[in-house]
Amino acid sequence: MPTFYERRQLVTPGDLLAEGDYIAGESTYKENGKVYATRVGLVEYKERIVSIVALKAFYIPNIGDTIIGKVTDVTLGGWIVDINAPYPALLRASDVMERSYRPQKDELSSIYDVGDLIIAKIVSYDRTRDPLLTVREPGLGKISRGQILEITPTKIPRIIGRKGSMIGMIKQETGCHILLGQNGLVLVSGKKPEDEQLAVMAIRKIEEESHTSGLTDRVTEMLKKEKEGETENA
Amino acid sequence: MSSIVRVKQKQIAELMNKGKRLDGRELNDYREIKVEMGIIEKAEGSARVLLGKTEVLVGIKIEAGEPFPDTPNEGVLTVNAELVPLASPTFEPGPPDENAIELARVVDRGIRESKAVNLEKLCLEPGKKVLVVFIDVYVLNHDGNLIDASALAALAALVNTKMPKYEIEEGEVKVKPGYIPLPMQNYPIAITFGKINGKLAIDPWLEEEQVMDSRLTMAIEKDGKICAIQKGGTGYFSTEQIFEVSKIAQEKASEIRKLVVKE
Amino acid sequence: MPKAEEKLIGKDGIRIDGRKFNELRPTKIEIGILSNADGSAYIEQGKNKILAAVYGPHEVHPKHLAQPDRSILRCRYHMAPFSVDERKSPAPSRREMELSKVIRESLEPSIFLEYYPRTSIDLFIEVLQANGGTRCSGITVASLALADAGIPMRDLIAACAAGKVEGQLVLDLNDEEDKKGEADVPVAYTPNLNVITLLQMDGQLTLEEFEQTVNLSLEGCKQLYAMQKEALKVKYVAVKEEVDE
């Protein structure tokens, strides 16, 4: 049963990836026994599953994902949060307030106001309703400092790297705390703005070159060079 | 409520697989067609077409006007279609929406490209004064296939049109006594197919239209040439289907033309 | 502007712009040129200059238009006032409304709209300069903008017109050939399904001529489809090459 591309080869929508007893994975579809690409990306063949790591895609919510969102509206029942997805997310007041509250709009905006950034988790989502968020777990809640980057969600795994090697290296080299939202939003917070800038540069480089190999080494090299440059200028 | 129940949708699709339709027609049969001409005396020409229960009225008005700059010796033809709110619960009052505009432009295309009306004979003073033919399509009841009904009514109305004798006297347009027929030289007929479950059904009625994924209209002029085509709807056609449609359309057009034009 | 007596096709079968009967106009494509849109693309085909941008999928406004089981595709085909010889009023004309509809209907079959219920995908096609066949160039570039936005599709869609000019069947008519010719047939084609999603005709053709014309247009569509695939890869191939050095 044939496959028609090499691993990590660049394909475009409509490209025939495999024919026969294969399963259509991410960014592919199967028709009449043939698996085709639905997006531009790098093809992966893992046993029977044919999938594509899309070079550009938008975030579709998954229950359990940790995401970074921006509050866009305060309503009587809670907050509407932009999570960079086709659907706005909802954070209920009851999730945040301990006791049953009386709906006073002012009260809610003193907790999270329009424009605030929050880290939250998706607790429910289906085709008929917008995603529901929670901030009840430790580490979730309002973001008070740091920089936010927006990258294509499918590249998040590349930033993590194999067994966390890439992200671990960046954290080490820059001394920054980095939080990766599954929805493509990344929070970088460090002791100094220069440190944060380094981390941002590294992440941007990964985003642009995500489809190439030898990336971890190149990023490490770049970070080391930049840091040398800095100490020279200091 | 005009929305079709899911059970009926399935029924139509299943029957179609066996080459049959819910109203007993074969895939290539039209509904009963009635054409009446000259029913609006105030219009220069008019016709009413009943295609099954679809009802369309077309009125023709003729006025003196100016030619387009790139065709100074030709009269002007313009088609407008109104999906009158009383014709269907889905028609809202207001300016023509994309469906009304598409309908008007497809009817226009058949008439214009077949050169049905001899526009040169409508020139009164080259570059300055010509006759303008207003074709107004009024849909009175929507039971499917508005294109074919409207195109047929428009053709019948044009054939029915008697215009006053216009002459230029001392630089002014004057109307002389008497009437002359509109100079016609071709008789285009629009034939529309709907595609349901991969099958082609001619003259789709309303409930079939709600189930079909696309339609293909071909206008055929008197010598059997195709003079306009419009694919509509969100589906698609293979080249085999397209060529099959063209052959059947050609046959059907000559049959239907007889309702309007006596040989 | 050639005089009225000048023929559009010379005795050697060469057309007024130097092309053979089955040659496409020179075409150039760029992807991802607008930073705000979720996806964008630009095409130059002969003197046509057309920009396409996609926003979405996102919440539908007004809300009552949302479909419970799928996304809706909204399309606006519009010509800039300076895109044609005589200034065109910016207000949408009846022609633009019809073209917006048929273009939308030509792209819908390819998009997995059912994946994103209650959303809309908004497509904007702006014709910056027009010289014939803009609805076809518009469909070709719109398909790329959709791909650039990461919207999942069954296949790309390419469109090209063919027609009859001075008795000859020709591919990819420019504005003059369209205005003075005997017939113009715009076609949009999607290779995987091997089906046609846009088909219109102005003019007069016998059934036989029509068949030949459609087949000729498909030749053009297939060439444009190959160009679309190349254009989508170009951006990434360039980065890869840089990195490999």
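Labels A, B and C are assigned to the chains in the order they are written; within every chain, residues are numbered from 1.
Methods note: a residue touches a chain if its C-beta (ideal position, glycine included) is under 8 Å from a C-beta of that chain, and two chains touch if they have at least 3 such contacts.
Computed from a predicted structure; not experimentally measured.
Taken as a contact graph, with one node per protein chain and an edge wherever two chains touch, the assembly forms an open path, each chain linked only to its neighbours along a line. Centroid distances built from C-alpha atoms place B farthest away from subunit A. Closest chain to the protein centre (all Cα atoms averaged), using per-chain Cα means: C. Between the Cα centres of subunit B and subunit C there is a gap of 28 Å.
Subunit A and subunit C have centres, each the mean of its CA atoms, that are 34 Å apart.
With centres set at the average Cα position, the gap from subunit A to subunit B is 54 Å. The residues of subunit C that reach two or more other chains are 190, listed in rising order. Of all residues in subunit C, only 38-39, 56-59, 68-69, 71, 112, 116-119, 147-150, 152-156, 190-192, 228-229, 232-233, 236-237, 239-240, 243-244 touch subunit A in the complex they form. By the touch rule above, subunit B contacts subunit C in their complex via residues 96, 98, 101-102, 104-105, 109, 113-114, 214, 216, 218, 221, 224-239, 242-243, 246-247, 250. Contact residues of subunit A toward subunit C in the complex are 10, 12-16, 27, 29, 31, 36, 38-40, 54-58, 86-88, 127-128, 152, 208-209, 211-212, 214, 218.
Of all residues in subunit C, only 94-95, 97-98, 100-102, 104-105, 108-109, 185, 190, 193-207, 210-211, 214-215, 218 touch subunit B in the complex they form.
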